[in-house]
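Read through the structures below before going on.
In the two complexes below, chain A is the common chain; its partner is chain B in one and chain C in the other.
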Partner chain A sequence: MKDNNAGMSLLFKTSAYLIIMLFSLACLFPFLLMISGSLTSNESIIRDGFHLIPKVFSLEGYKMIFTFPDQLLKAYGVTIFVTVVGTVTGLFLITMTGYVLQRKDFKYRNKFSFFIYFTTLFGGGLVPWYIMITKYFNLSDTYAVLILPGLMTPFLIILMKNFIKSAVPEELFESAKIDGAGDFKIYYSIVLKLSMPGVATVGLFLALTYWNDWFLSSLFINDTSMYQLQYYLYNTVNTMLFLSQMATGTGVTLAKEIPTESTKMAMALVVTGPIVFLYPFVQRYFVKGLTIGAVKG
Partner chain B sequence: MLKKRGFFYELNKNKVMFLMLLPTVIFFLINSYFPMVGIYYAFTSYDFAGGLFGSPFVGLDNFKFLYQSGALWKLTINTIGYNVVFIILGNVLAIAIAILISEIRGKLFKKFSQSIMFLPYFMSFVLLSVLAYNMFNFESGFFNQVLKSLGIAPVDIYNTPWVWPILITVFYIWKNLGYSMIIYLAAIMGISDEYYEAAKIDGANIMQRIWHITVPMLKPTFVILLLFALGSIMKGQFDLFYQLVGNNGLLFDVTDIIDTYVYRSLKVNFDIGMATAAGLYQSLFGFVLIMSVNYIIKKINEDYALF
Partner chain C sequence: MVKRRIISVCMIMTLAASMLAGCGGSKEKDAGNTTTDSTQTKDNGTAANTSDSKDNKPGGIDTSEKVELQFYMLGDAPKDLPIIQEEINKLATADLNATVKFNFTTWTDWEQKYKLLLSSGQPIDLIFTADWTQYQSYAKKGAFLPLDDLLPKAAPKLNEFVPKDMWEGVKVDKKIYTVPATWKEYVNEGIAYREDLRKKYNLPKPESIETLEQYLDGIRKNEPNMLPLADNQGYQTDAILQLTTKIINSSGNIPYGQIMMYDTPRDITSYWGSPKHLEDLKMYKRWADKGYWPKNVLNVKDSAHDVFASGKAAAVLGGENPNRFNDSVIKIKSTHPDWELGYFPYPNAKGFASPVHPIHNGFAIPRSSKHPERALAFYEKLVTDKKYNWLTQYGIEGKNFEVEDGKYYKMIGDSQSSGFPREGMQSWAWRNPEFMLFDKSFDSVLAMFKEFDKVARPEIFQGFPEDWTPYQAEKAAVLQVEKQYLYPLNVGLVSDVEGGLKLFMEKAKQAGLDKIQAEYKKQWLKYMDDIGK
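The block that comes next holds the complex of A and B.
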């Protein structure tokens, strides 16, 4: 009986290691292919296809990008600006809202909560929203349109509300009030400090959404110097695709002069780079925050 | 009379808190409630000069067209179908992987594999489309290189509609597995060791311990995630579908969801009335679904109700 159990355990653990390893590899594999592609000469990609190890090593993709870096740098600038301003503003508003909505002595908290939650149940849809922004607010080609729509989501507000509820004991509000602290003072000197893990998680959610956004650019931005980074990548990919298709279609050897494939890969890597570098530090907070949120409900 | 006094009394007493809420209220009012007025476009044949109330009223013509062209049925089936597969497969795999990781002892391996599986969640969907292209494009994709080296004729995946439901599902799992896995893993970590110790003493083997302790203990987390997902079953994963399929009309039959249809109607065809109608249909149908789901849940178990 005991032996049987031990044997089963061993078998189970071995297969667990194998399966996890397999899944991890599957998650990593496309990235490796991309990195290798960015370091392969364009001709080799077209001739031999993508491989895990470059067949003909070359940096021409990177050279291509850094010969004309203006647009890329501009897109970086736009994205960093939008991400920082949006995340800071959004965090401020979300934490304030979460704080007020969980104050038991705020009589209308449930009504306001429902006012916010209802927007996830029913909405006007994409088109009326699009027309409102372009036609009635005239926000096309502004930084505001890249920042404002992403400031808050009902999900993040509820998440923040629950964080604060679990991080700040009810009695603390009472005693702070008796000590003469105002509602705003309680917020910034007590609530914010005690719910830092929650603030970090919500902040990361916001920052990630801003950094990875391409949708708002595609809807509202015509001025290429205001493209967000991901939309810039999207456009580069499509341009390169167009160029290489034209080359095969017409026989014009434009694609030979422009290393379309390796440029695409290099661009994808340059655009993704910051997330990969920050990932080890950021991931910890993310997991911690999600864990608290999941356990506490 | 009394109630009215109550409100102003509250407003005066808690003016700071009302002030703190004000920006949020304005935000949702403008961003979410104002556009609801524009639902009216769905009943017009929109022209840019006329604007909101100057466009000709056409009644239910837009809906009639959507219905008669067969688009409505196809989009609904696709949107709900994909979401059902995502929900089932996504959760089952996430639970399985979370259980496997929780049973592994090697700390470094555990940490490392978790990090790797969570990585795709942080990537943008534009990058996802690039990665998909590397794998599956006809001329240089990795998949076809493997086929060639095995002596099999290469396949033009971007011209083969039937594989796309599988590919889209695979990429969905690839991107989201790490996220849901971590939520389940957190729930497993919250299970008291005492249960496992007691089971061990009673001679339960590892499979029995998982099946009779871990799996039942994950039920609440699973139900909550499931209900949230059911509530938004009419909302498609726009980024995923649009970045993978784009405007490749060959694949629309099996990959077009309401969200991609609306986006294309707006950006490519400029068919405002039709796009609004499709969006309104999605919103209304989704609303009715959530309300019904919530009503049923409330009957079964009040604790799990969404609102």
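The block that comes next holds the complex of A and C.
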């Protein structure tokens, strides 16, 4: 009986490992191609295509980026700034909203909830939104426009509200009040601490949205030094695409040097690299935060 | 219970109220828009009256109030833009009591952004227009201000400077909506080939179908590792029409498989399904069998230009206009000094060349502009004042460029390091032939243009404003059929060419090809009437 069980689990384990290994290989493969592509000379890529081991080794892609890295570094700075400020402020606002909305003694909580949920179902659409931000708020070309629209996501507020509801028993508020804690004190030292797993989840969501965002730069930023990282990358690729589509029929000529295949790969690596290495370390804390919160709750 | 009911009633009321408020808001906004519109036109009117009485002011317009103009261009901004903008503003403040802000859309989603800029009512004073930004359709929708009355008053010099026939050319519904560029440019395509290999194997110059085939055969025999043709996805079809017929357009194709000859433009027929089409398709089949392109040609995504420039292929039929070909020559000189490139432009086969249509590059004043007169006066400076023109075309002399031998442009640094490369602001629209500087290497293109000038005949196809709303659904359906049935024929993947073509025509007719062609013909003939052909 025991042996049989062990055999089953061994079989299960080997097959599970095998499948996971195959999957991770499939995920790793494009990344390897990218690395080798960035180290291949551009001409060889066009002549022979991509290979796992560069046919003609060359560092020209990286050379091209690092001769004038100022724009890339600036874009890095903008994205990091926006992600940090946006995530911290966003977390603060979302947790507070969630906390307030789930307090039973808040009279208008249903109305406010409804007001927030309503926007998830009915939106104004792109053009009115654009008009509002550029014409009435005058936010074009400011860092604020990169941060503000993502601060209060209805979905995350709902998530936070429900999380606090389940993690913090209502009696706790009463006892804290009896002990002399004010509303903000309750929020700060009880609710926040108890709902750490929720905060971690929402924080991760927020940070990822800010890190991956390019659309806001695309719409509202004219100043090249304020581009977000993803947009900077996306834009260079698009310039090439435009050239290949338009240049033939229209005779359009662009003065800017267009990046070659190998430069593109090198750029993608430079942009994703740090995050790939950062992620495992940060993730450990996320898991830790999640379990600590879970045990206490 | 009662309390709950009251709450739910309240909820319904708030919901209803918010909906009503929403409707009311939009109505109010609409009303607001129209009123501002009318006041704006009134303002223009009064401004016009006052300016008439004060003719001593520059350009005959009132410049007493200092304004900032919003200038919009497609593409990316050059690195040194702030410096250039400052210099321009120094000049403009003195001349027109105005400053200008240069805005760029980048090439990411530029079509969507262009639409937003014009539809949001955001104040914009000058914006780029071209046939490929749908100038005619926006002008018809009323996105731009008509310039007919404004031009003589705000920009008399510019009004004189642009030739009459160009003003006529850009008219939409008998009104001028954009200021065309005056430099005559040719963007016709041609065959680019390897002259060094041609000499080496003693092959004929590819200047007709027969010689082209001989050249490609020779390459196939002597250079087995090389692809004879770089064109992928059947793009050679447009080029072959340019080479073998006197087709009306000078690049690209005429949509929905139609064809008209330059000399008889009213005579519009279907190329698809015609005997000539069948003959061409049979030729492509023969070419495919000889191995001019790889079997997986429909899936090749590399640009033909790159494939040719990397030495993988020996000729390219489409996409090489004189300017671009010249560019390849310069680039290849540095990477492969032993190569020699040859070029056969299609106008040599057709017997005439057409410069680009006036609407190809221009600047319009959107309806949302707050200072249309000042904007036009500023644009006049940009085109006709050498100081403005050079600053925005080439940058600062001595810092970004220098003039060599009195007439050649020379960039300081290379295109990577330069903060303002030649035409770094995508300044195609305000090129002024009198002030233009060219790189020394551009001489060969200019020589080619000079040859074209001798046989030049005006472009008439590009100005045609096609309105596809009547057959939008059919258009998509036919495109799908074309991809599925015609593309394989174009690259010779179907063994029975005649049957394949018959099947394609049948499917295309089912998808509504006849309706499209009839409607297109109607619009085309109306356009012919309008331009008096």
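Definition applied: the second predicted complex is superposed on the first by the 231 of 297 C-alpha atoms of A that agree within 3 Å, B and C clash if a C-alpha of one lies under 4 Å from a C-alpha of the other, contacts with A are read in each partner's own complex, and residues count from 1 in each chain.
By our rule, a residue touches a chain if its C-beta (ideal position, glycine included) is under 8 Å from a C-beta of that chain, and two chains touch if they have at least 3 such contacts.
What you see is a predicted model; the values in this text were computed from it and never measured.
Once the two complexes are laid over each other on the shared chain, residue contacts for A:170 go to neither chain B nor chain C. In the superposed pair of complexes, A:111 makes contact with chain C only, with no contact to chain B. Using the contact criterion defined above for the overlaid structures, shared-chain residue A:135 touches chain B and also reaches chain C. Judged by the touch definition given at the top, the superposed model places A:239 against chain C, while chain B stays out of reach. Look at A:64: by the touch rule set out above, it reaches chain C but stays clear of chain B. Using the contact criterion defined above for the overlaid structures, shared-chain residue A:103 touches chain B, although it does not reach chain C.
Of the two partners chain B and chain C, more residues of chain A are touched by B.
In the superposition on chain A, A:43 contacts chain C only, with no contact to chain B. Applying the stated contact rule after C-alpha superposition, one finds that A:222 touches chain C and leaves chain B untouched.
Contacts of A:33 after superposition: chain B is touched, whereas chain C is not reached.
Residues common to the contacts of chain A with chain B and with chain C across the two structures: 46, 114, 126-127, 130-131, 135, 214, 218-219, 231, 234. Those residues of chain A whose C-beta lies close enough to touch chain C in the complex are 43, 46-47, 64, 67-68, 110-111, 114, 118, 126-127, 130-131, 134-135, 214, 218-219, 222, 224, 231, 234-235, 238-239, 241-242, 244, 246-257.
The touching residues of chain B, when paired with chain A in their complex, are 6, 10, 14, 16-17, 20-21, 23-25, 27-28, 31-39, 41, 51-52, 97, 100-101, 103-106, 109, 112-120, 122-127, 129-131, 133-135, 139-142, 144-145, 148, 174, 177-179, 182-183, 186-187, 189-190, 203, 205-207, 221, 224, 231-232, 238-239, 259, 262-263, 265-267, 272, 275-276, 278-280, 282-284, 286-287, 290, 307.
Listed in rising order, the residues of chain A touching chain B in the complex are 1, 4-5, 8-9, 12-13, 16-17, 19-21, 23-24, 26-28, 30-31, 33-34, 37, 45-46, 48-51, 93, 96-97, 99-101, 103, 105-108, 112, 114-117, 119-132, 135, 148-149, 151-152, 157, 182-184, 187, 208, 211-215, 218-219, 230-231, 233-234, 237, 261, 264-265, 268, 271-272, 275-276, 279-280, 282-283, 286-287, 290-291, 294-295, 297.
Contact residues on chain C toward chain A in their complex (touch as defined above): 7, 10-11, 14, 18, 75-79, 103-104, 106-110, 113, 116, 119-122, 130-132, 185-187, 189, 251-252, 302-303, 305-307, 310-312, 318-319, 321, 323-324, 327, 335, 356, 360, 414-417, 421-424, 426, 428.
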